[in-house]
Amino acid sequence: MSTLHTVNKSPFQNQTLISCLGHAKAGDSVLMIEDGVYGAMSGNAMSEVVAGLGANIKLFVLGADVAARGIDAGRVAEGVTSVNYEEFVGMAASCDRVQNWL
Amino acid sequence: MSDVKKFLYVNRKAPYGTIYAQEALEVVLIGAAFDQDVAMAFLDDGVFQLTKGQDTKEAGLKNFSPTFRALGDYEVTKLYVEQESLDERGLTLDDLQDIQYEDEDDDYEEKPSIIVVSRAAMADVMADQDVVLSF
Amino acid sequence: MKFGIVVSEGPYTHQASDSAYNFVKAALATGHEVSRVFFYHDGVNVGTRLSIPPQDDRQIQEQWTALAKEHELDLVICIAAAQRRGLLDQNEADRQGKDANNIAEGFRISGLGQLIEMGIQADRTITFGD
Amino acid sequence: MKFGIVVSEGPYTHQASDSAYNFVKAALATGHEVSRVFFYHDGVNVGTRLSIPPQDDRQIQEQWTALAKEHELDLVICIAAAQRRGLLDQNEADRQGKDANNIAEGFRISGLGQLIEMGIQADRTITFGD
Amino acid sequence: MSTLHTVNKSPFQNQTLISCLGHAKAGDSVLMIEDGVYGAMSGNAMSEVVAGLGANIKLFVLGADVAARGIDAGRVAEGVTSVNYEEFVGMAASCDRVQNWL
Amino acid sequence: MSDVKKFLYVNRKAPYGTIYAQEALEVVLIGAAFDQDVAMAFLDDGVFQLTKGQDTKEAGLKNFSPTFRALGDYEVTKLYVEQESLDERGLTLDDLQDIQYEDEDDDYEEKPSIIVVSRAAMADVMADQDVVLSF
């Protein structure tokens, strides 16, 4: 029994990613989309917070939204897996429910 | 899968600045007719939706907060409110509306609809749903 | 697997309707079913036929209308949210005494019950919003 | 003193248009002038005459139309933002080959230059948005 | 030469109030409106941050939006002045410019 | 007051998730025709607007980032970017587009439009304006 969570807000501007990670359970997946993809970058003021809160959670980022924002793939933090829309669909199908953090 | 699904309406936003709280209530009221297992979750700024004494006259807005007290009539009786979210905002249960329902299985006794839960318990509630709708 | 999709924000202003469109296309391309797309909050504005986006930009309403035609998608606009925001079909315009309607082909206006019904019938319900 | 006002969000969805309305009323009541109200981004949706808000709620478009009539306010809807979002007057509908228009009385559609001009002419420019 | 700043976001959800206070100059006024009024409450996780950053800034809150949200007037923090719309207009007129933090 | 006003366009939001960055640029381009003293400020998530290498194809969005490089042709040549905002986001000037203008007062020499400033200096820029438009 696991949940796929999506987050679409920048963690520099908005508390939503922090709240999501604080409620996700061990083994859940969190997918960062839209402006949420900034939460997947390494080497910034939020990186350690995200890595710490996400330690027991599987972290993903939508590659299309990473590319749109000019984030080099090499800047995506270690431990975050980049997926495309087909894989997003597959994740939604294989979890038990989807919770969208807006 | 049984015919009854567990629906959770998640409220994380403050009222009035945006319409999400109000339009979430409209969904909950309509959804009540479908005989599903329904609950609402209030966390983060969503806990502000439940404060008592809202007076929107001078701001020129529609005060929808009385609707929360009508939820019991629609058999929406589980309003989970997160303790940590209250604490961070300096709120206690006393600052919230007294929302009750009549328990038809217990001689129509009036019981509180608000259930204050820890963040960990809120995570358990969320993980126990079939459908999660976020506002 | 059957997906139900909620779109909660208007076109262009938020990316939500684009993300939903990409998700629905990918779901259909990988053999899944999309039982309904429900437009709520400002999402109802996706269904206006009066928008004229710049020619070098994506045409969001036309994308949805074409996708609905190709895959017989059920694109439902919430009537309560639509009334607040001025999105009408001819039936609603007649009923409310308004002199025009603005709904686009492929969309239909219906009640919030359709959202709950979608949640009951779909295997997964996913919301794209703000 | 001359105030110029920008409204950047749509009615009901955000409080911005309510706050702007209250500010404009208070400015007029205290002897100030409001040189223009410029509707940009989703703010253009304030000017649709097709909205049908619940009867027990405030009627945002009608409030603006009445205030404009009483005080000869210049309510300007940005044409570029309006085209994206499907807000048209008859002139625009004719020009773009659309079969309907939805602009409300008291509003006019014009270019972004009117925003800059307002900034130049007003003593203070204030934005209500999100 | 002073600026009237307005903030309309909850500081519990969004960084805008912090950014505004970090850019306002000594003697400027910051008016909290709409969901921004939560930044004017005492006795919560943000109160000390706001008081600290706002030490040399005049803090105001729109009374109409405080009342709408059910915040008792006694919960407005010390040092924050409640104003009505007419006073908001007066403040906008008497400053040199208005900057709206959205 | 002179005939020329100082206009500052303040950008605090990331691109693409919302339309504000794109529609702000549309205002700046139109405003350039009015011969005012114009500058743009990029702080908080607004600095993300200027990153190079934006590729919106797979996301299905319109890539408006090349417009920033055209600003010089419209005599919009002052793009203030806040150092602290870059630092917090792990960005350096190298991550941003190279935006230049031809200085007609200096034999049309190409000069950088981006001016990286401290938060304190950004506050000074803001306090020196006649009109501040926020996006």
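Per-chain residue numbering starts at 1, and chain names A, B, C, D, E and F are given in the order in which the chains are listed.
Just so we're on the same page, a contact is a pair of C-beta atoms (placed from the backbone, for glycine too) under 8 Å apart; a residue touches a chain by one contact, two chains touch by 3 or more.
Nothing here was measured: the structure is a model prediction, and the numbers come from that model.
When the C-beta contacts at D-E and at B-E are tallied, the pair with the greater total is B-E.
Between chain B and chain F the CA-based rotation angle works out to 180°, given as a multiple of 5. Compared with chain A, the chain whose C-alpha mean position is the greatest distance off is D.
Interface chain C/chain D: over half of the residue numbers present appear on both copies, so the contact uses mostly the same residues. The distance from the centre of chain A to the centre of chain C, with each centre set as the mean of the Cα atoms, comes to 26 Å.
As a whole-number value, the distance joining the C-alpha centres of chain B and chain D reads 34 Å. Centre-to-centre, using mean CA coordinates, chain C is 38 Å away from chain E. Those residues of chain B in touch with two or more other chains are numbered 12, 16-19, 44, 59-61, 131-132, 134.
Shared interface positions of chain E, defined as residues touching 2 or more other chains, are 8, 12-13, 15-16, 34-35, 64, 84, 97-98, 100, 102. Looking at chain C, one finds that residues 12-13, 15, 22, 41, 54, 125, 127, 129-130 touch two or more other chains. The complete set of chain-chain contacts reads A-B, A-C, A-E, A-F, B-C, B-D, B-E, C-D, C-F, D-E, D-F, E-F. Against chain D, in their complex, chain B makes its touches with residues 16-19, 59-62.
On chain A, the positions that touch chain E within their shared complex are 12-16. Contacts from chain C toward chain D in the complex involve residues 10-13, 41-42, 45, 48-54, 83-88, 93, 96, 98, 100-102.
Contact residues on chain E toward chain D in their complex (touch as defined above): 6, 8, 33-35, 64, 84-86, 88-90, 92-93, 95, 97-98, 100, 102. Chain E meets chain B in the complex at residues 8-10, 12-13, 34-35, 38, 41-45, 47, 63-65, 67-72, 75, 84.
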